[in-house]
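Below is one structure; the comments refer to it alone.
Going by the order they are written in, the chains are A, B, C, D and E; count residues from 1 in each one.
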Amino acid sequence: AQGPIRIGASLSLTGTYAKLGRNQHEGYKLCEKDLNATGGLLGRKVEFVVYDDQSTPATAVRLYEKLITEDMVDGVMGPYSSPVTEASANVTEKYKKVMVAPLAATTSIFKRPPDKKRYYVFMVISPAEAYLEGLIDMAAKRGLKTVAVVNEDTLFSKAAAAGAVDIAKKKGMQVVFQEAYPKGNTDFAALLTKVKSLNPDIVAAATYFDDAVALTRQMRELDVSPKAYGVTVGGDLPEFYDTLKANAEYVYGATQWEHVLPYPGNHEFFGAYKKEFGHEPSYHSAAGYAGCLIYAEAVKRAGTLDADRVREQLLKLEMRTVFGDYKVDQDGFQVAHRMVTFQWQEGKKVVVWPDEMAPAKPRFPTPPWNQR
Amino acid sequence: MSKQLLTAYELVGGYGKIDILHGVSLSVGVGEIVSVIGPNGAGKSTAFKTIVGFLRPRSGRVVFNGEEITGIRPDVVIQRGLAYVPQGRPVFPQMTVLENLEMGAYTVGEPARVAKALERAYELFPILFERRRQKAGTMSGGEQQMLAIGRALMTAPRLILLDEPSLGLAPKFVTLIFDKLMEMKRAGYTLMLVEQNAARALAIADRAYALELGRNRFEGPGTALLADPEVKRLYLGG
Amino acid sequence: MNVFVTPAMLAQVVVSGILSGALYAMVALGLALIFGVMRIINVAHGPLLMLGAYTTYFLYSALGLNPYLTVPVSMLALFAVGVLLERTLVFRVVDAPELSSLLLTFGISIALVNLAQLLFTSDLRSVEYLTGSWVVGPVALSKPRLVAFVFAGALTGLAFLFLRRTKLGKAIRATSQSREVAMVCGIDVQRIHLITFGLAAALAAAGGALIAMIVAIQPEMGQTWTFKSFLVIVLGGAGNYPGALLGGILLGLIEQVASLFLTTQLSEVVAYVLLVVVLLVRPTGLLGGRET
Amino acid sequence: MLTVNGIRDDLMATTVLEIERLTKRFGGVTAVDGVSLRLEAGRIYGLIGPNGSGKTTLFNCITGVERRDEGRVVFGGGRIDGLKPWEIAQKGIGRTFQLIRVFPELSALENLLVVTRDNLAAARERALELLRFVKLEELRDEYAGNLSYGQQKLLEFVRVLMREPTLILLDEPAAGVNRTLLNDLLDAVRHLRNQGRTVLLVEHDMKVVMGLCETVFVLDHGEKIAEGAPGVIQTDERVIEAYFGR
Amino acid sequence: MIRRGAALAALAAVVAGLAAYPGYASGYGVRATLQIFMWIVLAGSWNLISGLTGYVSFGHVAFFGAGAYTGAILVAKVGWPWLPAALAGGVAAVLLALVIGYPCLRLKGPYFAIALLGLNEVLRALVSYFEGLTGGGNGLSLPTLDATIPIYYAMGASAASVTLLTYVIITSRFGLRLMTIREDEVAAEAMGIDTARHKLYAFLLSAAGPGIVGALTARDQGYIEPISVFPLATTITMIVMVLLGGKGTVWGPVLGAVVLFVAQEVVWARYPYVHPLLFGAIIVAVVLLMPRGVLGLLQSRYRLPRTI
């Protein structure tokens, strides 16, 4: 018989994105295990070859080159984060390798001018621009008018902020303030003082992690009290609530995935993952897992590992995974997957948007800090 | 001969793998002044550094006051009653003159004794009192030398090793320092010094050594060496 | 998107700047100490601060200790860590050129951060104790930051007194100027180095403990602090202990005021440009450090 | 007395360095206090004075290592106060330092090679000759920092010679140098004079000063208190009081 | 003389081997070697200013970043071919060095180090801020172009040039003069050495290489963003490489770059989760066991000439 099918990936196992990259890695590992338990792929076992890119694009580029030309892997899966994907995609394009990139949320990686077009990279999660859509949409429906947008100055957060501004304008709202802050910033006193002086109805923050916590804390300290306040990444982590406790109440967050969402197999995935790794999966885990299954499905349908045939299948494929819906347009850009918006309510993330998936209503408006 | 206070037997050693000393022996009896002379690079400073413990000898022994101190750390040696004034500019440049002197008395507990010692240092070198608030690093070369000697006296040591105490001093102070050394001897201190001012160093020495190329070359009473034509030719400049 | 700056806003920002500035000063003082005494730029200062923060976190979450009571405990614990590091590694580079020690501590810093990642994971932790603020007129005083300010001020003051007045403190300063002469004075230099390193680690730990109540704790939290501490001691004058205080407050103020009038992003630029200007006018920092 | 523009031609030819009312203060201390001196070509001058009287500071002001507060320094027909140290050095003033400043991690030979502009082969030749002269040729490849105190002192001395300056400032060249070598050193200084160079020498060893110098300046508390032939100076009351002691 | 001949022959063989390498290497082999060249340039350039004059440049990656952005902007916005863009990257870095070197080189010791560290941060913040030109935090994406092999040669040529330059400098009196600045700047000035100008020249020379390879890297990678071209870690890696090999020597940076890169690559492959820990340990070990680097150690033990 033939040897196993080897799938290569470079992941951010250390460095800035270590935590998220490791979750993605576990998603891949669980997928590998599940595939092999059900007979592998094309009758062969599946084996992941994973390297650490230390969260830097330059290293990832080299490692993909190594995976493809040296280790001669049969297929590749995407790395963590948009910048790293952006750089690595140049390599996979060069070697005409299909790359399902489960954790790249930046539109510009996929939507490119004709002379820079990419053919082999596929998106799984919703674009960054969609992160704050739920928050703005809900607020608009409830008659709020003014928005302040703040964001970390990185590829992903900027896109999320730009999306928020666009949507707000479309809905006839007024963006009264927008400012970026550098990565790693944890002191927002001056920025919030400015926000406070404008007294916006909504504060929409495109955050990564620590900044989400620091921002929330300082909003309380400086008594910045909008009627709706939401963050992007970081707000969905259990630590967000553990850290902020009561101060996290009423905060909106956006997520690509929640384990309570009624996707097929989601519940089982959640249980299996917890059992395997001893902690709950994050959406990175689920996206990694689902991305791997999507690639496997396309290979199955193509009946071969040949890149162009697999590509055709990926373009055609419509699939509902534990992570939600998959369907891409001709650029490999995700069009089916939906973001959800939740709100922290009594220590629980309660999905409140979009309406068709929401088991509960948002608690609106957000009361002043001392009444939470 | 009087009781030996310090004896160094057959010291061999140097820096890293290179030996500078090839068997140097020095000794000082209680109450003596011993001078060490020799050309530049003879190993005089190296011998002192080895005795005090900055360098570890490859072989040989150092006995101070009946105890073996070979290879013991300098600060420990100094606590046992040996004082050492290194060659060059041995002061704390960013500390005031007063603080420098206080640090000299680091191993002395009682404030009363420190105050006493301070007084003695000021008496010996009045400029130190005048400049007690000046940063030591901004004092002139000679002033710094006085400070270093003054500081060494703060502990009332049993034996003082001085590496070129007259280096860079004005004649008035050279005379003063040699006078003070004699005075200290009379007061019961034991002294060993390295000097390039060989004539004066031999004149006050009970005994003296001349080193050359890391070995003992001459040895004897100070006045005898001073009179020796060979010594004169080699070390006193004719 | 112009924001009209009112005096009240300016007051708020100035107060915030001073509050964080004192914290900068305290953390930087540890760095200044090590630099002054051992001529070592301790890049592991931030990671030591991170360990201090974790100590506080674990004492608080596991034993339920009042986080402010953990400050001395963290300090003691990190004093021990500092002593251990000095005894095993750092003492070997004390005589070496500046660059060696810099790299050594950089290596230690990488190792500490990754050890923390392995042991504590990269999960965010935090100590939620005092929250909210006291409002004085137009100015909101963050409770945890104000308390941290008081602690930092007191600890910095104590450290100064220690260095100026006590015999041990003076011996530390003496050793910083000439090791050889210190030995000649009978000072046990190795012990002084140990104590210095321990003390600096303890000051970093105090910073970590206080910061734990302000921002989230994670293994990489220290780097920014190493960085800021550098800025602070260079601004004030390296090796100049009062300079660290001035530098800290100044940095806090510059950051906040620049963020108010420009953007948070440019505040860093402003801080550095100002630093370079200061250095050009006074090449050894505001209060004049030591030439190397 | 000379006026600024009224320097006579014959003086122009012989005056090498002229210092007018030079003053340097450090905080409260006036280290050099209105000192004026004139040095003529081809002579050896002494500069003596008690410790802390401002000799080294005067050197530092002449060579630009310290900025003078007041006064002017004229060398080779032009003002040099305010110039950078290297510019002054390139105009032809060389110096040694009282507290040795060799380049510790360059070899003894490299210490000499680095300071000239001659072609390397010629410079090497000359450098070796100079090292031989101070009995350091065997240590030529040793790092200068590993030499003994006196050896470093000698190295610094020959480093100045390497540059062949017209005016040489020596700050205690004899301190710490063995007496035997000292005689050679003194010969070297005389030889420099015979080549038409000018030497200004700070020294506490009176034998050296008396044996070498034609004119001696005496500083005390930053002020020039006497000037004259060594024999005369030695009997000057103020100098004895301030410097020699009784 | 025979030994010298043999060394030259060996060197020629290595160069020839490297020149022929892309003919039979895998894509990874080419890219990894290309990145080794890049590190040789970076380490060698750092050695020029810091190894020789003792002015520790803690922001040397700033020149790399400046070159990367200059090159990328010229390629993406003006449509230049990559080779002139790379040279322009070098020119931009040298200009930057001129502007900041003039004031900053007056600072000494840690002050200089921190000022340059600051420069790097400022540059990164400015690049993020001027989005119109640089794409800000979005980064700059270049058209796909497979030029890895030509870039390999360009990188190789840069590495060779920097090494040759180092050799020329170290064997000249200019090099010795730079070292006197490291040893004792006051004495150097008193000996008539115009230290300010010497430092500035060394600084300019040390900026050119990083500028060029910055632009080449941008082209090769096809995408750059502020955080990935201005990381402090890159400066640190340069320093570790030079220290490992031996600072102030000709071949030290080359040796350090090759050894460290290969070691990291091997370690990465094996221990993805703990390699930073190992990197930390390597640094500690280098500093403790070989403070003067491999060549420095050989040099002082066997009295080898400086030109190794």
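To be clear about the criterion, a contact is a pair of C-beta atoms (placed from the backbone, for glycine too) under 8 Å apart; a residue touches a chain by one contact, two chains touch by 3 or more.
On a predicted model such as this, the values are computed, not experimentally measured, just so you know.
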If a chain touches chain A and chain E alike, it appears here: C
Starting at chain A, fewest touch steps before arriving at chain B: 2
Comparison of B-C and C-E by number of C-beta pairs in contact, larger one: C-E
Centre-to-centre distance between chain E and chain C (centres being mean Cα positions), rounded to whole Å: 31
Averaged-CA centre spacing for the pair chain D and chain C, given as whole angstrom: 47
Chain A and chain C: spacing of chain centres that average the CA atoms, whole Å: 36
Chain D and chain E: spacing of chain centres that average the CA atoms, whole Å: 43
Numbers and ranges of chain E residues touching at least 2 other chains: 125, 128, 273, 276
Sequence positions of chain C contacting 2 or more other chains: 114, 263, 265, 268
Listing of all chain pairs that touch each other, if any do: A-C, A-E, B-C, B-D, C-E, D-E
Chain E - residues contacting chain A, complex: 26-29, 31-32, 35, 125, 128, 136-139, 141, 143-144, 146, 217, 220-225, 227-228, 231, 268-269, 272-273, 275-276
Contacting residues of chain A [partner chain C, same complex]: 14, 16, 18-19, 22, 153, 175-182, 184-191, 193-194, 197-198, 209-210, 213-214, 217-218, 220-223, 237, 239-240, 242-245, 247, 369-370
Contacting residues of chain C [partner chain A, same complex]: 1, 3-4, 6, 9, 12-13, 16-17, 20, 114, 117, 121-126, 128, 131-133, 135, 140, 142-143, 145, 214-216, 218, 220-221, 224, 255-260, 263-265, 267-268
For the chain D and chain E complex, residues of the former touching the latter: 63-65, 84-87, 89-90, 94-95, 97, 101-106, 110, 113-115, 120, 141, 159, 163
Complex interface listing, chain A residues touching chain E: 13-14, 50-52, 54, 56-58, 61-62, 65-66, 68-70, 83, 86-87, 90, 93-95, 108, 112, 115-116, 118, 152-155, 157-159, 180, 182-183
